[in-house]
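Letters A, B, C and D mark the chains as written, and numbering starts fresh at 1 in each.
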Amino acid sequence: MNFLSDTTAPAHPDLIEAIAAANRDFAPSYGADPVSARVEAQLKAIFETDLKVLFAVSGTASNALALSVLCPSHGAILCHDEAHIHRDERGAPEFFTGGGKLIPLPGDHAKIGMDGLERALAEIPEGFVHTSPVRVLSLSNLSESGTAYTPSEVRERAGRVKDRPALVHMDGARFANALVTLGCSPAELTWKAGVNALCFGATKNGALGAEAVILFPSVMDRFEELQARQKRAGHMAPKMRFMAAQFEAWLRDDLWLDLARTANARAKTLADGFRCVDGAEVLHPVDGNEIFVRLDEAIAAKMRDAGAQFYQWPDGSARFVTSWCTTKAEIVATLAAI
Amino acid sequence: MNFLSDTTAPAHPDLIEAIAAANRDFAPSYGADPVSARVEAQLKAIFETDLKVLFAVSGTASNALALSVLCPSHGAILCHDEAHIHRDERGAPEFFTGGGKLIPLPGDHAKIGMDGLERALAEIPEGFVHTSPVRVLSLSNLSESGTAYTPSEVRERAGRVKDRPALVHMDGARFANALVTLGCSPAELTWKAGVNALCFGATKNGALGAEAVILFPSVMDRFEELQARQKRAGHMAPKMRFMAAQFEAWLRDDLWLDLARTANARAKTLADGFRCVDGAEVLHPVDGNEIFVRLDEAIAAKMRDAGAQFYQWPDGSARFVTSWCTTKAEIVATLAAI
Amino acid sequence: MNFLSDTTAPAHPDLIEAIAAANRDFAPSYGADPVSARVEAQLKAIFETDLKVLFAVSGTASNALALSVLCPSHGAILCHDEAHIHRDERGAPEFFTGGGKLIPLPGDHAKIGMDGLERALAEIPEGFVHTSPVRVLSLSNLSESGTAYTPSEVRERAGRVKDRPALVHMDGARFANALVTLGCSPAELTWKAGVNALCFGATKNGALGAEAVILFPSVMDRFEELQARQKRAGHMAPKMRFMAAQFEAWLRDDLWLDLARTANARAKTLADGFRCVDGAEVLHPVDGNEIFVRLDEAIAAKMRDAGAQFYQWPDGSARFVTSWCTTKAEIVATLAAI
Amino acid sequence: MNFLSDTTAPAHPDLIEAIAAANRDFAPSYGADPVSARVEAQLKAIFETDLKVLFAVSGTASNALALSVLCPSHGAILCHDEAHIHRDERGAPEFFTGGGKLIPLPGDHAKIGMDGLERALAEIPEGFVHTSPVRVLSLSNLSESGTAYTPSEVRERAGRVKDRPALVHMDGARFANALVTLGCSPAELTWKAGVNALCFGATKNGALGAEAVILFPSVMDRFEELQARQKRAGHMAPKMRFMAAQFEAWLRDDLWLDLARTANARAKTLADGFRCVDGAEVLHPVDGNEIFVRLDEAIAAKMRDAGAQFYQWPDGSARFVTSWCTTKAEIVATLAAI
């Protein structure tokens, strides 16, 4: 009953098999392999658009690489105060952009509120040489509180910054989880809503270690620079076919959506259970596979005794993360403990 | 008959199996897993010393990470003019060190010559605020020409810079290949000869994608900084166990040495064959799995017609790289073509 | 009647004369001149301690240089949300530190409040590899709202972060203005209160362009690195004697304190005048030479018509900055207009 | 008899007077002052073209700023192995470009030879993601050996790299000295010969501390980025008028050319003297105000005894630098000593 993080979960067996299959024979290195090409084609179909893609081994890497081609070193990136890029990447965006500036914004449930966005835009002048101008808006979907921006919420925020001019980055470490809850298409949640670049994560949803940086047509001309930065950051893996192979299997036959649906369903059941318990308060909408719940210590202790593992969050709540391999039995056992 | 690079070769099946085995159940993320701990123990035994280790997905990453904790941003790194860190990493060392300076040195067969080293040390003053002082000496073993530094050659060069004070980095992307040819112990070729940090590569010798940065006791106090830099460079893979598992299988029962011996033996046979052919001139000692040979165009054409793939090197020679899975039959067929 | 900024004011004539005097004959370059040495001695006397000092041409430079030896590239700097280093230096701290992270904190009158400081310290873990740890606390004295931290306020904030461990930086672009209001000694306001490094500004208070970075004994061992960074940032002026000469004249016979006293007195008179006027609301304590006042548009218009120049601040208030050469007559004329 | 460096010389009195004159009254800060605007007009007339200009306090700053808008962080800069940007700026170009790579080239008398340039271009591939592509050619005029590139030599080298595509930077710390020897126009030696950006130095030739970064029309669209980088590097001096005032006086009535002619004439006399002496060998053409001469120790000792100060160069020669205020009497006395 491990709810610590979806990064502690194993990979889906199909991806292991795909790696084994990709291991037959020689293949061009550094992303020039045929598997990588096939994944690009898959993604074009899924996102219903032309695009460019490359892979990285971690979400931190994919976020920082994407931001480094969207934001000049003397520009600023607006993000939520609790965003992973601001709180949990040890300054990776600052490092990759060459000293770009992150401006943390407020907003309920870890989603950037329109008020905070308006205030930041009012406070940060454009064309004033002393101040880093707004060049990127970064939205995390799922957010750090496990909540989802709807396509219209994305569009509203993206639309507000377009004329700065600023570009829109989406941290989609749990993009699949948001998508299946929202019930919209990948295109509707991204480029159609104003997103220029998506960091599309598979690692938390069944992969061994595979993240994709996707440039939509509006910024596709930056792909050569992105590759140069990928290389000099050490993220152009020599045997890239093994990362591509994970994506190919994960995207095939909607496996990625099925895995996210399972994880979300488990989270929903667990959250519903919490809502029936005195001494447990679910803090945010559960739009994906994460639950933040304020627990009486007695309840928390019972769950730990029953073998449930979860994190104490900085705000004092308990975080439960389900994954593609969380079983119904585990949820039942966890709830039975309380 | 693919001699393009050892990065185009498949991984050894044992490593795929090890990944599948590591995929059972949940495991702590970011390197806190038990497999990573076991690999550290293996490495301590192999190198006969205490040490600290972390993993990265590419040689460029491991070199740049290691250099970034050895060299301050205002220091200089001495390396051979043909070194991978200087020619083939798109400025990764400069990026990771925050603007450190690479000083390319001459030397036969891509090994830093003592003359060039002495001249550089004479020309670069110490304690002169205008000039980046020498803080690192980087040795590639195997070198970019496929030649090996002996332990005494390493010791001689390391000893020459110790009082700068400078530290010694070894780019061991093909460390195993050098080691089995030299017949010395891993300790003798590294820390006993004055090496402070080793980038120990598995990818070119049978892994899917796994490189280790090893800090020997003299610089082990920099490990915490190394981890911080690994994280902010996006190289702290969430499911690190899959990189560790590759190393565990690769190091077990001397598999890594066996694979290198096979690759080296194939290279030796091929080089011996070239040496018997008019119109083929082997340019450097073949100390590992790389051969650089100047070929008459007629001969090169025959080999290509026979299906042999190899790179044209910038100096006009042809480069042949053998790997753990190059077969005797492929060597025979290649030589038969000429 | 120019109240736009103290950077628009001329320099004090004594400093021009000092430059002319320093221009006689040859002198060693890059800070090895005798004037620079004499200024160091003056500063040791004024601050009643050993210290190391170097000069820079702007406050942005001196802040960023100081921060770059206090904060590692993977660390975080706590500052007020309105701090100059966060709002008005175009990402200079991020650039000079190699990607360090600024964490903006709240607090009335542009002074970091203890509540906000406590919350940040609670939220930012120590020893967690994913999060940039707190390594510097930066205090602006005067603050961006023209208010002063007292020695005990400095000590309280500095004491709170010492065990992180974090160092304390003071942005003293208007240090003299704070000092003469507080009536304490330079030592009491800095190293005795826990400040490790002071950026001591002269430009806004009578110099042509001269700022000093002062390292107190607790961090004096970083001076060699500071010089290296000064050089590679292009701030080691070849003819440094001309910057030193400004400081020498400015510090001689308490000229620097007299100039600050004059500027502060003018500000006080102006603020007192505003306080007697309906339609004018002084927003912050006037602890130095800056007044932020909310003005009815009618009043503002009258003042502009009378020839008074001042900035519209982002919060809607009007900022008036007095300088060493603001005259009583100008204050009278400005107030007479309303 | 100080021949150590032209940076140890005093400034020309006209520039001190200009500073005093600029000190009357208030003036807009950060380069928006009327003096700065007048200097831009002067420079347009002198260079017979439209251009954009900003000022910096040191040659290291102006070189690094210029290079940072010419070279992406993942590009390479070709320069002579002895270039100031490579040997004497503590890694400033690497720092400002965010990790750009300097490739040192050979060539007699510290001028890049066409052979070395051709070899570098042949060795450094274009469009190969692993290798930093050539994006800038940097020429020092005067070179570090005191020699000058003629307009046709500049044109030949610039023409060779234009199609990379690469831009041409000229380090003109002693541009005036080269110019008066060559007898060509400023335009002929720069943009007409293919130079895109010039670092135009006044400090070594009579200023207190004033360097100009000039963008010619081909790269004028990068001026906004240059200003942003000037600001975040701390080189946007608040009271910029004092730097501009130096340039205005220096450029007026060809003072800058007269000063350079004087310095060059002194150097010529001294070099001619050396050429008549046994035991003194002048090593390079004396195209400006620098002489490199191999001296018998007995001769060197006599000169030192007579009060002549000069540097021992790393190559074992003695460097004599004359300045605008070196007198004929000093030259006579120096030669008389031997």
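As a working rule, a contact is a pair of C-beta atoms (placed from the backbone, for glycine too) under 8 Å apart; a residue touches a chain by one contact, two chains touch by 3 or more.
All figures in this text were calculated on a predicted structure; none of them were measured in a lab.
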item	value
Chain whose mean Cα position lies farthest from subunit D	A
Which of B-C and A-C has more C-beta pairs touching across its chains	A-C
Distance between chain centroids, defined by C-alpha means - subunit A, subunit C (Å)	41
Computed distance of Cα centres, subunit C from subunit B, in Å	50
Subunit A, residues touching no fewer than two other chains	30, 73-74, 89-91, 95, 98-99, 129-130, 228, 231-232, 236
Parts of subunit A lying in touch with subunit B, wherever the complex brings them together	2, 4-5, 7-11, 13, 16, 19-20, 23-30, 56-65, 89-92, 95, 203-204, 208-209, 228, 231-239, 242-243
For the subunit D and subunit A complex, residues of the former touching the latter	30, 72-74, 98-99, 129-130, 225, 227-229, 231-232, 236
Contacting residues of subunit D [partner subunit B, same complex]	73-76, 87-91, 94-95, 98-102, 104, 122-123, 125, 129-132, 314
